[in-house]
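Note that the chains are named A, B, C and D in the order they appear, and that numbering of residues resets to 1 at the start of each chain.
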């Protein structure tokens, strides 16, 4: 895969994720998540890297919705990227010179403690992204003294790190996924995750409980559930699920087939290795060998060989 | 099938059931349920007819246990036989002559009202079966004036009906099953029943709830559940289940495979037409076409064709 | 409690159970389980001791049905009595003299190995109970040489033990219960059991699953479930349940109230100390303190004090 | 309640909602949702009106998070407000004059069809809110010809409606809630909704299924579920629930008490009349009378009065 679209501009956390997920790929910045996915859909790129959720902000709903509708794409990998903010400035700038700072409002929120403590009199102006903020600071005649941005943005725009790790909490993480046009799935590794979207057949009470039971009965653990509006009025939702395991696993396949039977539609979003490499604990009676043994037994008893 | 063993002696309700279930078969009376089943197991008969449950007395536990252990047999048919008691006597006997009655204690219980009302001074003596009671009355020099027995016993032993339908309730029914050595199953009819025995893997709290969930998630209705002791101490049980549908049905097959995976052992006791011919209501999403459509879809998504 | 009815005649296992459950009580033998319970109902005895289930034979259905219908009685204690069979004979009898044995058929079944091995030529005749068998042997001019009976029967009828522990398996146990007219319940001990009977409102598919969910959601473990026919036709059942805990426990009370709301009727059969003295494991969040804390919180939030 | 804070500036949909929810209140515009809620918390206003979810955009996560953390507030009312966009301009402006339009990006998205069809050459510039856009157009020497805004913004800023109902879909709705400091709850009406936040005790597989079971067993229907990150890493969530009914209802109270026992914390967010006035269907056995009848019965059986 030579080209991968990502949420630009150059220097975003998303580009940093892309460099780790696909070190040899050429990154192609896109204006927004939808544009990045569309580049993959139209073949302008071999795939895309987009953010899916953040440990503080939650789901990136634009990504959820873009994956749920339109031409299908498959998630083929994921990355948990620590969100580390840097105070970037033109070479020669010192902390005491910094009076006007530019960054994305979410980054401002997450670095509020640092700004109040270390830059008490500074004005903070909003930019459209943390990478764009660095770009603004680097522009000739910029009115800004510094940007709060990822390290990678400094590399791009020739800025230096005046301060590092300036976020108020050190454990914020964003989960990025690599998506590709439909095609061969990643091989099961034993530490896999499967993502899907379920549109309920009818929004009856208990429908969600029924869906969860499909997973529970086959011993499949859910790791994420997100409701999103269908657009057809308050109270009408569809659901994003992540579960442990690979669609090639018998228990996962049977659970998702059950969802398919019960719902209006299920969109498979991919099975791929977990970034955290946690091995799936297989509940007794739900291993592939248990399923194949039971299938053989069923064939025999259906023929009356008991 | 030329010979069928049944719970004798000649003239029992069980023989009456056999005549309806298999009109052309030759009945072979056996001393007890175990002996009848063993005759089928050893090939001395092509099968057997035995009682499984009664609407007043409940399960015939001897049958449940005999089917659960030992060499497997398959239920291939069932019959709901109304339990109709007759007062049988030697020709010429009139009601006012009857002072000594013989019958099985259960029959006595079920005809207590009639006896108290119509035969107020009569002595009632216990026999080992209602058919044996008729045999006793017919014996030369019998000390008994009448027997409470099924009609069929009168035919055998040359007795006449002094009174008919003498049970206190008119709606008592016994369920009989025809069993055969393992072999081809009866074809699905849309109004089928499936019987099985489940031995829990470990008797943990919630194990029964788990078993029932295997049925519920596939939309399979249970119609009977009986617990029986494993013999390994109070509190250790195995279970007899009847469910709607045929093992050839996808939903039934998947449910029972699920039981198999979760339990120490499942013994399939057969799929066969329901005596009451009630068509199985198929819950949305659980028809065979739903399963095959979902299986096709699963195959495609496993290949990445989404 | 001075008098307790029990399943007679004198010398039964049931009387042995009574002597342990209520050493100071005077036992009153009854002809059958129903008569013993009726003696307690009518006040002819202060209570009764009856068998409820056996580890090999299963439920004593007569007891289940007698407790389910008619005037209510409460179980106030239970006992697990090992079933130990003895070969009893008149003083002076030696093993080699024994040619004719009398016992109850169930006892014969359970001692079949001993009889075949030690008494190869002996005839075994059926009696109505193992105690009655001993009585027969003791009768002047008895045609029987020995009885297979409980030890207590020997005491009563002046017989000696020719052989002890002659059952084929040594671990058979019968569970006896002491029942009393309604009144103050035994105090909770932390190792209690609660028994009840549930009549489903309508026999819809899933009704049993719903009932079990009422227990599961409150963390209450079921230890026994028995289905019994309502008498209204094959496929119509009511249920006997035993669960861990005491009705005074908040989780048990709430679960059983839930059953009550969902069903046509619930008959409470008592809360009493478990014979095995196994302490109930309380699932997190279901202790009485959890319930009372939650109730206090609910009161506060209902008043808007959040 | 004389003053209510709302999401400003003047002329927002939120202010329109406030005028309907509390016609007599004085609206106090706040810079953002957090500021509006804080005004209510600090007593600067008697309450606040904020958006909770939108039928196209989904949850307003800032509102969810602000209600979940910090000093508690109670929802006391809700409103479903149709999202109707207008093209507003200074008096005298005609459609053909409009070359530069200003609005919030979300509004631009929802009116894209109108803009492309009716204003093909126009430039659309982003503002921070649709009300702010109207304010910009009204400013002396404004570089903008028109704003896409709610009708109420036209009133405030002296603009006229050049076109009405210009959204691409006519059924978009935003749900607003009125919140107040803790205090007496709205009376139950039979058509109520209850909102709460649940923090799982431990994020074990099946925890969500357990929570849903607490509702299902008491016959309480969920109408909304949203997962939000706890901030402690990807895969750690808490949940917002809406359910049918009022905390004063016995079934709702018991269900929520159950959640409380099972979870680390439950925050009650209020019980209030549903905007759609749909009467809650009460499942058999879960009415208040069923609960009180069962409670009376439980008291009696706990005293042994069966």
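The criterion applied here is as follows: a residue touches a chain if its C-beta (ideal position, glycine included) is under 8 Å from a C-beta of that chain, and two chains touch if they have at least 3 such contacts.
The chain lineup, named per UniProt: A, B, C, D = Prephenate dehydratase.
Bear in mind the structure is a predicted one, so any value in this text is a computation, not a measurement.
For the pair subunit B (Prephenate dehydratase) and subunit C (Prephenate dehydratase), there is no chain touching both partners.
Per-chain Cα centroids separate subunit A (Prephenate dehydratase) from subunit B (Prephenate dehydratase) by 58 Å. We define each chain's centre as the mean of its Cα atoms; on that basis subunit A (Prephenate dehydratase) and subunit D (Prephenate dehydratase) are separated by 26 Å.
Annotation for subunit D (Prephenate dehydratase): residues 213, 216 touch two or more other chains. Chain pairs that touch, as defined above: A-B, A-D, B-C, C-D. Taken together, the subunit D (Prephenate dehydratase) residues at the contact with subunit C (Prephenate dehydratase) in this complex read 72, 74, 182-185, 201, 213-214, 216-218, 247-248, 253-254, 256-258, 260-262, 267-268, 284-286, 290-291, 293-295, 297-298, 301-306.
On the side of subunit A (Prephenate dehydratase), the complex with subunit D (Prephenate dehydratase) involves touching residues 53-59, 61, 80, 169, 171-173, 175, 205-206, 208-209, 212-213, 216, 221-229, 231-237.
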